[in-house]
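To start, I am sharing the structure in question, which I have written as structure tokens.
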């Protein structure tokens, strides 16, 4: 029971981390809190369902979802966020809420208000550890998440691309003066960020075998809570906060019972922690300007 | 006719909410994405006082106003500690938490909410919908006039200064915290009063009516009409409040419309339709100047 | 008793010492300039006095009262007006309203008083008109502050700081970024302050500008006071010359300062030359 909750908590935490990581990269580069990222999560899930229906291939569904969502991300940064960047952090946030609201409605109108199924079978064995079952889907989620984190960590730390990204996040103007194509960097980060969210969407769709227009509702805002807890823009902090929230939610739901619905936990924690540490839980001095 | 009256009352409630939001987000420039939570708080306070303690509308209205304003003071105090984007998230979070509390704490009646909120009465006269409309309009007038007054006071200029530059405001001796908290108190108290009117008008209060998406609707209205102006707050509430009612087909696309409007306005017309510097406002002003010019020429 | 006493102020940022054990005093009615090369700690010291930077050690007194630890707003209300190096106007308010707001300070301290109508305060309105005239901003009084040019913004900064009738006026590099045509009127305005008996503490990178205005000069280098004296003494002080030469390859030529209020020499206007402006 304890172990099962631990595995489920880690699975959910990993899904959160996939979404939150994209959001935190985007925040790092533009200082925009991008609610619309959760629109990519739902988009990924729908594209995943359609692809699966056509091809019956879970990994094609994953790829297609990520690809389409990447396109959305690129368009949004190019035609919405970058042009209004000068007006401070709140205006893009409001715009992104508008985008997200419109996207959710569009999904409802296009695909109907009901739940679609994505019963993809994952060719991974069910593992038993000390009497606890780890399903193939859970295993897949954990593997994708670990691969994504490792890839991003390597990218940021070891490559020239990563250096350019970090430089741009640090100081946009200086990076530009140093000859970094800031526009291209921003574009690539949105491609990656939205692909991650969409991947999470497809995985969630497989995990719960359900896709609905409003599935992005809770992640949209919960991810904000998570990246703030994680200290905004710090990938390590974001992953840590995601896992923490995933575990806490699962354990509170399992042992404490009702008190607060599980989806309010992240926000309650957020408000509490912001009051105690206004710069976020894992923030290092520089990240919290 | 009576349907029009119902729409009218709804719109007056929207007007109160956007006018309140305008004090916080428009005048003081503080991101507030949880106005619906305060609307809900006012509605619950009024509904509980009316159904369980038998308080009449005339007493539970001020009670809802004061209590909601006090919680607003709390949010204002929180706002002092946070950068503006953290604050925006916190107000969103507050909306979710507040709705969760309404839904899960038995005191607030759970998902079914509170039912049978009585109709207000004045002597032997019990309110009908027209009476609600009259009271609603009176309240809107009162709040709008108070806002107009506020704009001309020191307080109004201080809020504008804080919106423009908090550091410079402090440098001329303004106690930024006091004024921020005051702005939150006023804006949320207005929402509380609107909540009381709503509770008695609907006679039912449920958590779902105060979700975050309602806050988005309110913000859309204000941004659409023109952040920081009374005329903008009223126009946004009236146009976006009436549209789904008049055009039935719109009501199915209501949230899509709000979402698209929000992003288009922010992207292309950030001052809103009637804000300072918007094309419509510039056009209207030019018209007025031309007419004034002609009048003088004729005289 | 001196109006301002800075006593052993030290400011450290994570091991980096920006200001070290700085002490000096400003007498009532005096005009003191703090000069020093870039990174000397001028602005940090300035922020300590204005209350926006808490010192690691030391304290600041205003008229005998300790003001370290007070918030910028409290320091301001005790009678310290300040300008900002990069102008911070209230962009959505008009120039007149910018000044009026600062002039109506009595109404701003108490929440209830602030609910009075602005245009009812005759005294504040009069003070505002006077400042508009003195700073030559009458023509742009109805413009929004966000529409002003650099020179006008600098003058608005001074007018707004003066509107609170400060006992001590802190000017943070008022000449920075201005060309000759901007510096000329500004010099006149700042020179006039002396005639009004205002105590001024000026922080300036532009040495010629500072020396021509000040009664007394404090020279900072690498966070320490390296010299205090009359402008003429400072001009000849070898330590000062060395501090500046360490920063830039420039000759520091002593030359008599024009009396305050008079138009400065043409070469003084140049800002880009750094110390070269000290002709």
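Structure notes:
Lettered A, B and C in written order, each chain numbered from 1.
Basically, a residue touches a chain if its C-beta (ideal position, glycine included) is under 8 Å from a C-beta of that chain, and two chains touch if they have at least 3 such contacts.
In this text the structure is predicted, and so the values were computed from the model without any measurement.
With steps allowed only between chains in touch, the distance from subunit A over to subunit B comes to 1. Most remote from subunit B, judged by the distance between CA-atom centroids, is C.
Of all chains shown, B has the CA centroid lying nearest to the centroid of every protein CA atom. Between the CA-based centres of subunit A and subunit B the separation comes to 32 Å, rounded to the whole angstrom. The distance from the centre of subunit A to the centre of subunit C, each centre being the mean of the chain's C-alpha atoms, comes to 49 Å. The geometric centre of subunit B is 43 Å away from that of subunit C, both derived from CA atoms. Contact residues on subunit B toward subunit A in their complex (touch as defined above): 31, 33, 78, 81-86, 88-90, 92-94, 96-97, 100-101, 103-104, 212-213, 216, 219-220, 223, 253, 255-256, 258-264, 266-267, 270.
Across the interface of their complex, subunit C is touched by residues 149-150, 152-158, 160-161, 163-165, 167-176, 178-179, 182 of subunit B. The part of subunit C that touches subunit B in the complex is made up of residues 50, 52, 71-73, 76-77, 81-82, 84, 88-93, 97, 100-102, 104-105, 107-109, 111, 113-119, 160-161, 163-164.
Considering their complex, residues 31, 33, 80, 83-84, 87-95, 97-106, 109, 221, 224-225, 228, 258-261, 263-264, 266-268, 270-271, 274-275, 278 of subunit A touch subunit B.
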